[in-house]
Amino acid sequence: MYIFETSIRVRYGETDRMGYVYYGNYPLYYEVGRTEMLRSAGLSYRAMEEEGILLPVHSLSIKYMEPARYDDLLTLKVILKELPTAKIQFHYEIYNEQGKLLNTGETVLVFVDAQTRRPCRAPEALIKELEKYFPG
Amino acid sequence: MYIFETSIRVRYGETDRMGYVYYGNYPLYYEVGRTEMLRSAGLSYRAMEEEGILLPVHSLSIKYMEPARYDDLLTLKVILKELPTAKIQFHYEIYNEQGKLLNTGETVLVFVDAQTRRPCRAPEALIKELEKYFPG
Amino acid sequence: MYIFETSIRVRYGETDRMGYVYYGNYPLYYEVGRTEMLRSAGLSYRAMEEEGILLPVHSLSIKYMEPARYDDLLTLKVILKELPTAKIQFHYEIYNEQGKLLNTGETVLVFVDAQTRRPCRAPEALIKELEKYFPG
Amino acid sequence: MYIFETSIRVRYGETDRMGYVYYGNYPLYYEVGRTEMLRSAGLSYRAMEEEGILLPVHSLSIKYMEPARYDDLLTLKVILKELPTAKIQFHYEIYNEQGKLLNTGETVLVFVDAQTRRPCRAPEALIKELEKYFPG
């Protein structure tokens, strides 16, 4: 299991007239989380794309418990429970500065060949890097 | 059961560098769908808010089958399978111009008193209007 | 001179916690306006891109007079004062349902060859269509 | 004169199908810049709002020279050339990692009383803090 944490500051434009972060902005925060998790493992999502692998999202689910507000400094926890195969599943938890759990989410992404736009296996280099977090 | 359809034209700014609508923009499309469904039933979400009822999203799930592209004229089908109680659940299906199903989703929203920010029952007027679609 | 009008309904996710449309969302509305103006002249921005011409924005300016609010049905007026050369300039005016002018804006876009990513002249077909609106 | 710098990492969802940051996302980046500039001066825009002062944007202009791309780590320079009165003007410059200037912009914001929604003078505390950067 690989657990990673990063911070996100809520922007004014991400709130809505209820005074909360709009429910449709959390997928963007989750994207930041998984990109930074890969970077922390020495992997670049951009480089992977440039080498011809796309990673579109296959499914998303979110449970909203409490709202985030403007200027909150959120902690985003990203959890990888299994090594990727043709898919990679990320779990997310967002906490506010008081340590309150605001929402939890999951995404499944699929590896796709940029040329053929067809599913493919996760790149070997990615699996190799991530295996370090999944000992024996 | 109440089934409603509306159209959405994909904006350039809603695509990402993969050339597809960004996965985090569909919640915005779903919001358009449920607002227009309520409007078609003679109900205004804005008026409901002004009368002191908020309707934050409690959960969201999306299954992405095929991507939408820039300038696609999407058909968004919104389905209400049950009358609201303290919650209201919407189902969504998005189709492109060729009739291909691009994604399906669900949201559960909860009725909240704007003053106390605590859960409350769906407004009587809303239930009365929607009951017309759920005969006997 | 070519003057074109289209309607835009304000989405919840486009408002911010002030209760107004976020100032950074008007460029998206302006994009809708110029795309629909071209469509009304029988021209497709998407088709132009597929034929190898990109049209990135070179400059933007907006004057904000009054805010737009959630669910407002805005009227967006797009004005083309001159035929395009290597650039095309659009002027915008947004009005609410009471006919109040909310903001005015301008964008200059440049024609770019998608292959070379270098500036080029406006496509002949585009100029020919638009010339109809600029008699004599 | 007060010059401040902060960093912004480009998110995938902020790009468009041209492969660049969508032109309408820079106002969001500028917002991050001015908020962080105020924070660095010991001032909180959120606290100001909670004390009853809103700061809507009055005008915006942007000149786009070069595009930003996915995952770029941008440097955003914010410049305050004059002390605020009933308005405050910020200048912005965005650079990529190679030090290339991508775009420049300006915003004028107006101080507004949250109760009356009418213009008012900049809060004394704000002026006092900023005066440190404008000696003699």
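A, B, C and D are the chain letters, set down in written order, and residue numbers restart from 1 in every chain.
Basically, contacts are C-beta pairs under 8 Å (C-beta built on N, C-alpha and C of every residue); 3 or more make two chains touch, one makes a residue touch a chain.
Owing to the predicted nature of the structure, the values given are computational and were not obtained by experimental measurement.
Asks: Same residues or different residues: which describes how subunit A and subunit D meet, taking over half shared numbers as same?
Replies: Interface between subunit A and subunit D is built from largely the same residues.
Asks: Using mean Cα positions as chain centres, tell me which chain lies farthest from subunit A.
Replies: The chain lying farthest from subunit A is C.
Asks: If you average the CA atoms of subunit A and of subunit B, how far apart do the two points sit, in angstrom?
Replies: Taking the mean C-alpha position of each chain, the two centres sit 24 Å apart.
Asks: How big is the gap, in whole Å, between where the Cα atoms of subunit A centre and where those of subunit D centre?
Replies: Using C-alpha averages as centres, the distance is 28 Å.
Asks: Please report how many Å separate the Cα centroid of subunit B from that of subunit D, as a whole number.
Replies: Once rounded, the distance between the two centres reads 34 Å.
Asks: Give me the residues of subunit A that touch two or more other chains.
Replies: Those would be 12-13, 18, 20, 23-25, 27-28, 31, 70.
Asks: Touching residues of subunit D toward subunit A in the complex: what are they?
Replies: Within the complex, subunit D touches subunit A at residues 9, 11-13, 27-28, 31-32, 35, 44-46, 49, 70-71.
Asks: Please output the residues of subunit D touching subunit C within their complex, sorted ascending.
Replies: Going through subunit D, the ones touching subunit C are 18, 20, 23-28, 31, 54, 56-64, 67.
Asks: Applying the document's contact rule, which stretches of subunit D touch subunit B when the two form their complex?
Replies: Of all residues in subunit D, those touching subunit B are 12-13, 15-20, 22-25, 69-70.
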